[in-house]
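The same chain A turns up in both complexes below, where it pairs with chain B and then with chain C.
The block that comes next holds the complex of A and B.
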């Protein structure tokens, strides 16, 4: 519980510190309780890792799965696999097809299309700081690890994304096995295995390596992090943290999400929220299959509940919300200001403002056009331009022009 | 192409302990006279110990899919299926089963110790069996022959000699701990990709316990929504409502059980059959698709996933779940009507003439 308290205090500090994170402020503002918590976190190896996480010293490191600890070699193998379209039924889809680095690994369209033409019901989500989420994707409490999540796009059949199935998986892994680049990368990544590329665990290694690459996608170098905000962005930050707008209630902490887990948080209750985006039956229903947490749990009270996404790099991940149905940040803000979205026509018509499942924190607020601009300026200050162009996350095959 | 087969169909019985003894016809194994002392010594968990030291009987029980008594082959059009008398072809015919038992005339359930199979990709391990009833990969009519299919998808194992058996019992699905473990390094038949390719139930974190998918000719439509239609009508049975958070896993905490486990226990009375019929493969377990979708319109879908994918609010699941003996929407689990024990002679002699299992 002390760990949780430490995070909560960090959260409460957030907004006052404005980019000057914990370590810098410890000396001047923190109580003994917080210092004790900080010490405990250090005692538990919160900063210990053989992997270069590129996370600020003030930010806790992500959790590493016991069966897949981070290494640079796995990260680099995963990077090659992430950008390799041979991992698909027809050689046309790689992870990067729907996760573009320049868009913080989202894809800029409402809903992506899989290798065989099936349209995904959900918007491609940014992969920024995936390592810090307690569950993966827009609204699935059952997806606990990145490795679990990766099984879905690669091997899932509802919808088909990469389309790897029983008729082609052996052929596809043979293509990978035949590539000299992979022979070296697999050996480096899994030195404890006799034959990580040709052996029984080849596919498992593919999953673990891609998981390592995605887990390594940390992003903490925005203008906000540097304390380099315009006057407009500073006003927007104050609005963000105001009791009037309440943005920070869900988008809290260093990753701007209440679904954040790290080495200092030993337990986190599932955090999902209905934001009044739909109400198609007057009783709060969301259009199928995108009923969010409810889709997995079947609990009627979970209708329309989705996990709070990070706001880091949010300005480059349009369109917004789980189904990409909101085009701009301004539109997102105005939906919140209204206390929900009203859809006046079409099959999804309904008044989300009066949904019985809407999170209680979402109450309407007044906001001027200038304030919307300020809030957008603040959200834009969360863009880590280095992350969007860092060669570390770029396509390693690009020099040959193959396997895009 | 409809065949008239004189089925020796055994009626379903519920849990043996609650069934009428008169409905069960005890079968005494000829080799050894059943002894009450041995039965009690072998009861429950002790049976596996006993089995190591005692003589055992090897059983081999084939499974087969049918449509109204006709062998369910891939690429074949079956007519008059479901409440709307649709014509369908199959797209998937697979299931997992575990906890195989033989129930004695005294209602004691004796474990069937599953054989360890050789080969790179065995269809069963010591915990769970995959029954792949398709004769081509992906059940496509033009696909290569299914390497997993040998027309005798079966469970094989051993039970101690000297038992008087009245029924065969098994549980549909994958045991909880295996269902929620990593799939990419799982032991076969649970490896994905591998035998479990296409059997992943990953959005719910597990496996499809049964996948019986058809393509209705002309596709399916939604009678209430002209904009909804599709080509594939699926029956996927699996656990739902299984939230497992990363925090729980990282802590080593036992995951929550699922809201709907959806693992029906199937008990099939031997009826007129004898235990030695289970030794010889003369009896097989039949899954009849026509009975699975009895009452459902397979060219229609009124909401939720197309067909029944175990969604707790999917309207097509109410009837399908009832047929397979599962509770749905809070109702009491009815008696299943899909699984039967039948004489395997017809199927085995026709499609596998060299089979040692061909009955007289």
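The block that comes next holds the complex of A and C.
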């Protein structure tokens, strides 16, 4: 009991001393110093937007182009256009033909087929969080905006996707202009324009609207985001971030890609990597025309370099890699474990492990079958099931009975 | 009695007090207990002595860790780094140091010091390594002290010293003390937050050494020591002045310093700064990757150190020490992903340490407070600020109260116990410690300890 009293006395003394100390601190503060800690933050409008991005507060917002700021009206117009097969030469191909919501806006096949039957050399990418990529498509460092990218499937001829060209674009836009739904949607989306469906302006608005819809496809509600991981997925997460596997070096950050840009990023070097998938000539060559960044730049050092895709929703976007030549996530992991892919026969035979252009971070590693399962479980935990079924991203023509 | 006390305390390093300081102050300084309190000197071996090699070992048992094993120690509102590792529960060898010094001739001397300090690791693996903390060559110029001592009263006792090599900073006593020489086993917030606990760097120093109570000089640094970085745009320099005054039983020391540094992409090397990986936690626990946020910009620190001691008898004294330091930062936080935010910060830390010394016992209390006034701007301000630890959304003001009792059992062995009320983090914690300090001379030519 006496001991307890002594402690209390000591505590009082400390209180006295702390009081004296506080007075001393206050005296210091009289010199102009702050007396309590504070951090003032001015994000210069980084969280401001008229659009509901549905992005967690801890995640930066995407960049909005100055010439195409996000609005809900443009998003909704773009949603209609995205699912509209009339925007093609044969009236059968829409954006959604190769980008299915249930597959995170990929299509589940190795390589898609365009309106004229031409097979695209590349696998359809997931559109998950496209707003956050600093370069669009698999390997084109020149495509910096979604609007630029959209021009390729609509109007490109190598390969032909929608097949819109000078011979048919007026006829196609006329079908849009004649649609009462579009008349209303265009006026809502571009209220500053007297006639947003007039002539070439209509196509410009089509691109901007589809761009707004794609840009608005944000996905941050996976089990991983909720911290609801299974034991296996947790083990897989540790493997993903481990010294041995090194996955996170390229698939880093909130979007699981080093090619991520947002409002807080002032500048980001183009990020492309050769993963040793091919080596058809023993000198690192990839099959034409799929040579990646090299295809655009012509720089031999860029052979086989592709942009790091996001891993969000990756479990529903099979098959994998830029040409869809890898069927499962397990195969992807085993290719990385080998330090590259070995193709023993056929026209693409070669040892990707010894490609001189392979990224230096890719070194072989040992992994057990159980660890592969754990890693796959982690990747599956990145699936945002709400995103895959969210009516906000679904086909509006089906809900209105105007099934196109 | 005074001599007996001096002999007892000599191995603790207080014998490094210069010839110009009387034994009265020797006793006062010893009573301050901090074994080498505000001795305004870096050790310079005497002419005619042999090689001196001293060593110290500090081992401490703590009742609690300041943060969990897989957490990062970031005091809210601050940018930490250097060697400021969090203390951990259980037994820890806080410090092992071996220091040697030799006077080569009338004008030159050399010093070499090796140290091992406890360093936490998020992986749980202690990555202690031996560090060369001192490796320097010194030149003494215009030494008139000896002339004065020999009776030439026309001379003003003065000693100008130049040193070059790996040095520890002399500009503030805050950076002179080790855990073996301080009253407390945990460095002050000024040392930990503003200087990353230790300050050893390649550089040069020119100073007036303990002349008529004055020590003053300037130092230039390559920038290897936190908070600076080395390189073309890095480096640091400082100026300082201290005055030691004594009259009868009263001893006072007052000093001021000004330090400026440049940092280029400075990392928190405790957890990041290189090839980074997420620590692998055991089953049932989780670990996260340390966000490698860098700081580039200017830093200016200035401070005042003061001490006052009253020796009321040969074996007892009472005193108080004060230290105040102000940090101003003007630069940017940034990461590898191209994010950047401007950071302006005005931070100050202050501590006060009253103490009582009676025979072999010393009771000391240290009260500390740190105030961080930060301004972040830019689109990534919140993101980078949170990751770097400067965001401090709760406006928490770190404080800490420490109470230490030390008992000098043998001339070379001291026991220490502490109670710490730690409010540096938002979650307050009380912990206590039990420790032992051994300090001794391995090769005697004098005592090199405590004044490096």
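List of remarks:
Operating definition for what follows: the second predicted complex is superposed on the first by the 354 of 404 C-alpha atoms of A that agree within 3 Å, B and C clash if a C-alpha of one lies under 4 Å from a C-alpha of the other, contacts with A are read in each partner's own complex, and residues count from 1 in each chain.
Everything below uses one rule, namely that a residue touches a chain if its C-beta (ideal position, glycine included) is under 8 Å from a C-beta of that chain, and two chains touch if they have at least 3 such contacts.
Worth saying up front: this structure is predicted, and the values here are computed from it rather than measured.
When the shared chain is aligned, no partner comes close enough to touch A:187: not chain B, not chain C.
Looking at the shared chain after the overlay, A:354 reaches neither chain B nor chain C.
Using the contact criterion defined above for the overlaid structures, shared-chain residue A:167 touches chain B, although it does not reach chain C. In the superposition on chain A, A:234 contacts chain C only, with no contact to chain B.
When the shared chain is aligned, chain C comes close enough to touch A:243, but chain B does not. Once chain A of one complex is fitted onto chain A of the other, the partner contacts of A:261 extend to both chain B and chain C. Using the contact criterion defined above for the overlaid structures, shared-chain residue A:270 touches chain B, although it does not reach chain C. Contact with chain B, but none with chain C, is seen for A:207 once the two complexes are overlaid on the shared chain. In the superposition on chain A, A:60 makes contact with chain C only, while chain B stays out of contact range. Residue overlap on chain A between its contacts with chain B in one complex and with chain C in the other: 261, 265-268.
The part of chain C that touches chain A in the complex is made up of residues 76-77, 277-278, 280-281, 286, 289, 322, 324, 326, 337-341, 346, 348, 350, 352, 354, 365, 367, 369-385, 390-393, 395-398, 401, 403, 421. The residues of chain A lying in touch with chain B in their complex are 63, 65, 67, 133-135, 140-145, 147-148, 151-152, 155-158, 164-167, 169, 173, 201, 203-204, 206-208, 261, 265-268, 270, 288-289, 293, 295-299, 347. Those residues of chain A whose C-beta lies close enough to touch chain C in the complex are 14, 17-18, 20-22, 24-25, 28-29, 33-46, 58, 60, 234, 238, 241-243, 248, 253, 258, 260-261, 263-269. The touching residues of chain B, when paired with chain A in their complex, are 137-138, 143-144, 182-185, 192-195, 197-198, 200, 202-205, 227, 240-251, 259-260, 303-305, 309, 311-313.
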